[in-house]
Amino acid sequence: MALNLGRMPEVLRLIDLALAEDLGRGDVTTESVIEKETGATAAVVAREPLVVSGVDVARAVFARVDRHVRIQLRQPNGTQVAPGAVILDIDGPASAVLGAERTALNFLQRLSVLATLSRLFADALTGTGGRVVDTRKTTPGWRVLEKAAVRDGGCFNHRSDLGSGILIKDNHVVACGGVKVAVERARARAPHPLRIEVEVDSLAQLHEAIAARADLVLCDNMAVDEVREAVGLAHAAGIKVEVSGGMNLQRAPLYAQAGADYISVGALTHSARAVDIALDFL
Amino acid sequence: MALNLGRMPEVLRLIDLALAEDLGRGDVTTESVIEKETGATAAVVAREPLVVSGVDVARAVFARVDRHVRIQLRQPNGTQVAPGAVILDIDGPASAVLGAERTALNFLQRLSVLATLSRLFADALTGTGGRVVDTRKTTPGWRVLEKAAVRDGGCFNHRSDLGSGILIKDNHVVACGGVKVAVERARARAPHPLRIEVEVDSLAQLHEAIAARADLVLCDNMAVDEVREAVGLAHAAGIKVEVSGGMNLQRAPLYAQAGADYISVGALTHSARAVDIALDFL
Amino acid sequence: MALNLGRMPEVLRLIDLALAEDLGRGDVTTESVIEKETGATAAVVAREPLVVSGVDVARAVFARVDRHVRIQLRQPNGTQVAPGAVILDIDGPASAVLGAERTALNFLQRLSVLATLSRLFADALTGTGGRVVDTRKTTPGWRVLEKAAVRDGGCFNHRSDLGSGILIKDNHVVACGGVKVAVERARARAPHPLRIEVEVDSLAQLHEAIAARADLVLCDNMAVDEVREAVGLAHAAGIKVEVSGGMNLQRAPLYAQAGADYISVGALTHSARAVDIALDFL
Amino acid sequence: MALNLGRMPEVLRLIDLALAEDLGRGDVTTESVIEKETGATAAVVAREPLVVSGVDVARAVFARVDRHVRIQLRQPNGTQVAPGAVILDIDGPASAVLGAERTALNFLQRLSVLATLSRLFADALTGTGGRVVDTRKTTPGWRVLEKAAVRDGGCFNHRSDLGSGILIKDNHVVACGGVKVAVERARARAPHPLRIEVEVDSLAQLHEAIAARADLVLCDNMAVDEVREAVGLAHAAGIKVEVSGGMNLQRAPLYAQAGADYISVGALTHSARAVDIALDFL
Amino acid sequence: MALNLGRMPEVLRLIDLALAEDLGRGDVTTESVIEKETGATAAVVAREPLVVSGVDVARAVFARVDRHVRIQLRQPNGTQVAPGAVILDIDGPASAVLGAERTALNFLQRLSVLATLSRLFADALTGTGGRVVDTRKTTPGWRVLEKAAVRDGGCFNHRSDLGSGILIKDNHVVACGGVKVAVERARARAPHPLRIEVEVDSLAQLHEAIAARADLVLCDNMAVDEVREAVGLAHAAGIKVEVSGGMNLQRAPLYAQAGADYISVGALTHSARAVDIALDFL
Amino acid sequence: MALNLGRMPEVLRLIDLALAEDLGRGDVTTESVIEKETGATAAVVAREPLVVSGVDVARAVFARVDRHVRIQLRQPNGTQVAPGAVILDIDGPASAVLGAERTALNFLQRLSVLATLSRLFADALTGTGGRVVDTRKTTPGWRVLEKAAVRDGGCFNHRSDLGSGILIKDNHVVACGGVKVAVERARARAPHPLRIEVEVDSLAQLHEAIAARADLVLCDNMAVDEVREAVGLAHAAGIKVEVSGGMNLQRAPLYAQAGADYISVGALTHSARAVDIALDFL
């Protein structure tokens, strides 16, 4: 059951920034060469296979420019489509359609490529017990949209921000003088709806984390075999295991097969090229 | 002579969106496990070769979280650095440094990769008379930053928005009933500080554009040989030639050698992976 | 083909500022003396001859206060109307109509006077080859609206902002050590969709500009005869000529008859009194 | 004792709108032709006699662009200065000075002309017992600034908005069925810190207003002699008299001499041309 | 005749802050456990006797989350309702109803308790000539809403802000060197639509205020008998009397019976617990 | 280790709303009666025993009005102070101090009362193993501030928003057809850093929750004895128990003694009166 992202205040602020930066001085070409009152019927079309994400944002972009633009969603977020598939049907004043086109496509292309990449990762782990999860390495200003795109592609979200998850990293451990103290402090002070996750980079640290009764461990930059051993130890203590560090479509399945519960993939949100989506006038 | 991008109102709005989305509920981990008044000395370090971009934005992020964070720029925007190079020195309350870290790095990584890629394109055209130029296929909300990163990497900007350049595209031509009418209307109505550029996809259209005395032509999706011919015709009429369509590091130099004045590369701003930059506590 | 200015994010921000400053504490008079649920039918009427501008903004003001206000545009932007002409018909809750009235009229009066003045200038140049163009001497916060009003009155826009036109002024020339260096640097670095315009205040500087192959020259504060000579020189080199400096309805035609292509009139946007427009209850 | 207007949140929002609209895409001329790290020393100078207003706003504009711009106020708001007088001394990076120049001057010119015009009105009433007061016919978004400029010129403010004054106008009277009912309702319901003012356009209505014990009457569009009579009647009842309708520098003193306490002048804020102020590089 | 508070720009900004802080990262529970496209029919129900306030704000909250939520107002602001009364009927996507629920209720509960408390105060003064008035001790960000709630409960508003009322307090008197100077300065400089109120804490100061012809006196922290004497003196001079200082439901009527015209009750807006209102799914 | 709340973008937006609503039209009293350039030295003083919260916000309010106001924090957030204790020392222009006073105090009073009440709850549970936790029943716009105040008083935060905790409520259970399905769906889809909490209102539902392996149960509106039994069952299954429903200072300890791990107290943030804090001129 998804909220309409195109209505969220923070998303509307981003849309306003985007429209202001592209259309805020008007569209001198269209104003010069297109006669008044010209209408346009157009379709947003996939030019390559992709998983759709961002259609509610794209719709909100057109609606923001002119309420008289009528938009029909043809493919909901999360759908895998073939080249040529029509994602949105659009009908309205040509000035509004041309003025919103680039901004709407820029949103749709960037979010769909995340969903498409997430789909590849999700499929790569089929049959393992592991989940691919995202990170906070998102485009500033785009967090909620990119996390939705990850879900649209069948992967899962890690914490949404610094306030919605306890992740004790190496710098925290150093500042506390050890894993044990850090975990105990977190248990004493942190909101109870949050699990306590601690990053470990060795089996020695893992033992500390287990002894301190962390809820989750994040094995960072460990080899597959080391992770397999870590999983054995952690699961025996009722602790889930997440892995991170240079994960890609080849390495992620190996870690999942080694028993890791969560595979953290920064590349989901920070390494994607845009997919090809275009607006065609009909 | 560059403005401080970290002071521009629209950039500050994007920074506020970014901080609100990551730090707006506080940092439950740091608040739980780090003792009050702890300070931190840290360095932002390149983990791979790159061209720096976004240091003023990164600095503004830290300053926005806490004015007591002291930041020293060690590498200005546009510098090519080797792995291990320190880009920023940081000193301040640990809570502020940890709270701003991810957002600052997310800006820096995404902008530096654009500058780095632009550098590759700029270098690839050395010795030709062509310029690589960007497009409006930027990340919504990031236009002014990404255009600066393109310049930091030695490439050039096309129009910044729909209000700062006349580019008559195929849809405009169709609506006008031909290149000639479109160019004439633009000349009659558009602001005179702007050149009139028209997209053509054949030599037949190019002849029309020349006859209509366009200032610039954009040859879209033409083969190298066809562009060479187009350049000959256009230059003879005192018209500059831009090319676009699937440009990459291999194809761009070929078009430049064929005489194109401007090579439009959408991939400059929409296909880059993030470069690896980290914040290390000292 | 005009965008609806009342939908642009920056215009909505200005409307919000305006409503907050006038209506943000409510309307104590209307709340005290008018009974609940009273409706109002009203007309916005020209009290003197004028050219309409800002109707979409006025409509957006009423709509922002209450969606139940129904508004009928009777005179589109750019229309010349006689005293007594109804510009907008309005129907809705009296509290909303009275609450929005002053703000809507303040927008409409200020924009219409600009369009009206622009019409006078445009008519004054009829039969010459010259265009009257505006400047950046606009009311802060109102740029896009005032530039549209100038067009509504039949004049033309110069660059919309510092990012959409190259205009090398005397300070730039001094800093570069001469017109030639300045123009060369601009050609080497500036976005190619922009013409390169350089300000000159003597025929000596004009010769420099011609030698440097500027695209446009701005003759500032030159006498009509001097401009006539400048036009001869510049046109022979294929360069257009703009003039500026104390232009008014008497002087502008003289310069146009002397051959100037563009007459820059700061007074278009910074010297107008408001025209008389009122809201009458029916 | 004046607040620093350049710090007020609503003024900062207007400044941000203004900078975004002029400088939001950067300054392509300065970036192209001025070498990095060039500094500038400049003075903002009056080119004609004027009363200064808006210096704190102008200073805030420069500071918003770059904190390293140093500004010295040489003439506080409210000062009458001669042509050539230096209002502000400025020193900082040339890019920031040039980038902020036009926006700062646009604020300063528009506010100073209001103060200058107000000074003329205030002087015209010297020796009478009347005060010139402003109206709500201000530039949308500029209310607080323009009201300050009116005070800087020696005139007085009427209510600042619909929430800070009771002014029962003809439409209210009609809706209530008479002056008496309207005044009684206002007395029964309105905030007690506010006087109750009622607009009358005849002596008959004035008698009603006196009978209803209004605190103030606004005589709209009455002849001087009629106002003289109205003043006699109203003052006898302990009621102050305001007049409005087409007031200018000739008519205002006549009404003041006829005994009017307050002369309402819409033209104070809606009919002024900009005064000439320039930024000179030193 | 009330404006729709849910449309005021400042209220919309507060609603956006509120939705961003609760729903800005989505609703992980509902997204996880409720199937897509589930609809909800619900009612907002009073759980205790109360006076309704804030229904337009609550409606705006739901509408902001999703335009497809249909809302029926069953009890307008200002209505006294019994436990079980349905205030709003709601119908729409379950995700939107659940996502907006808490924010809408938080507004409604806090505003209704103010109206309910105001009703108690208003009723307590029935039969006296006194009015209960509010103060500026409101929740930052909520001023206009809380002042409306006070009116919904039958009490009255004092000035809405520092710009809409003259209240000379002890600190001002000290700085001026006495009540007389302070009142004279206010009369000489303040906007004439505003009465001049001065705070006095003794009969000696009251005499000064009367001599200086203040319009209103605020007797702060005086005993009932002292106020009775003050009222006699002030009324004889045609001056209204306001009282303040620790007013509650017991003390306020005593002061009203002693003749005070206005009883200032800070507790109206700063001491209320929330009333119990719930959203029930049907 | 606490972030400076007065620097967070969302808090700054709330401060701007608050200053705009109180000071946005200026301060007509102070401007009228206080001479220019008057300075003020003042102290913010507790008038009753309280726990301080909000000092960084109060400081930010003064700084926002005028950077020249110097503020010294004398009592950090979380301190218990006696009547007469100086919380802040203030020194600066009188206009700024008087203009910011009410807004700063309004923040400080409302946040300190929450901290003070939280302290009472925290102390009431001393010696039990239970924690008092807050709810989402906060003042819209104030979430992050009120949650910090709860911590300042020694209590704990529940989830900060709908995105940072899984709490399956009765409506969710109904929509899923049972506790078991709801918990399973949450486990399958929700972010793994979040524990899964489910609301139960009977021991029968508790058994379901245990069988479904929820991480936490929220026993809503259960009697103390019933909770004691629930704790026995839940703890045996390794599940923590939270209780809610009409908790106050009397009832909360009884539930803690019955073994509840978390006592949810809505009244922490929605039922407090303001504490008495004043600004005294020295």
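Should a chain be cited, it is by its letter among A, B, C, D, E and F, assigned in written order, with residues numbered from 1 in that chain.
Please note the rule applied: a residue touches a chain if its C-beta (ideal position, glycine included) is under 8 Å from a C-beta of that chain, and two chains touch if they have at least 3 such contacts.
None of these values were measured; they are calculated from a predicted model.
**Q** Which neighbours does chain D have in common with chain E?
**A** A, B, C, F
**Q** Pick out whichever of the two, B-E or E-F, is joined by more C-beta pairs in contact.
**A** Pair with the higher count of C-beta contacts: E-F.
**Q** So which pair out of D-E, B-C or B-F basically repeats D-F, with more than half the contacts the same?
**A** More than half of the contact pairs of D-F reappear in B-F.
**Q** Same or different for chain A and chain F, when you check if over half of the residue numbers at their contact belong to both copies?
**A** The interface of chain A with chain F is built from mostly shared positions.
**Q** When the C-alpha atoms of chain B and chain D are each averaged to a single point, how far apart are the two points in Å?
**A** 43
**Q** Would you please write down the residue numbers of chain D that are in contact with two or more other chains?
**A** Residues 10, 17, 20-21, 23-27, 30-31, 34-35, 38, 94, 99, 144, 160-161, 163-167, 189, 191, 194 of chain D touch two or more partner chains.
**Q** Can the chain contact pattern be summarised as a line, a ring, a star, a complete graph, or none of these (other)?
**A** complete
**Q** Which positions of chain E touch chain D when the two form their complex?
**A** Where chain E meets chain D, its residues are 131, 133, 156-161, 163-167, 189, 191-195, 197, 216, 240, 242, 261-262.
**Q** If you look only at chain F, which of its residues touch chain D in the complex?
**A** Residue positions touching the partner: 16-17, 19-20, 23-27, 30-31, 34-38, 64-67, 93-96, 99.
**Q** Hey, which residues of chain C end up touching chain A in the complex?
**A** 1-4, 7-10, 144, 147-148, 160-161, 164
**Q** Which part of chain E faces chain F closely enough to touch in the complex?
**A** Counting only chain E, the residues touching chain F are 10, 13-15, 17-18, 20-35, 38, 94, 98-99, 102-103, 106-107, 109-110, 136-144, 161-169, 171-172, 174-176, 181-182, 185-186, 188-191, 194, 267, 270-274, 281.
**Q** Within the complex, which stretch of chain F touches chain C?
**A** 20-21, 24
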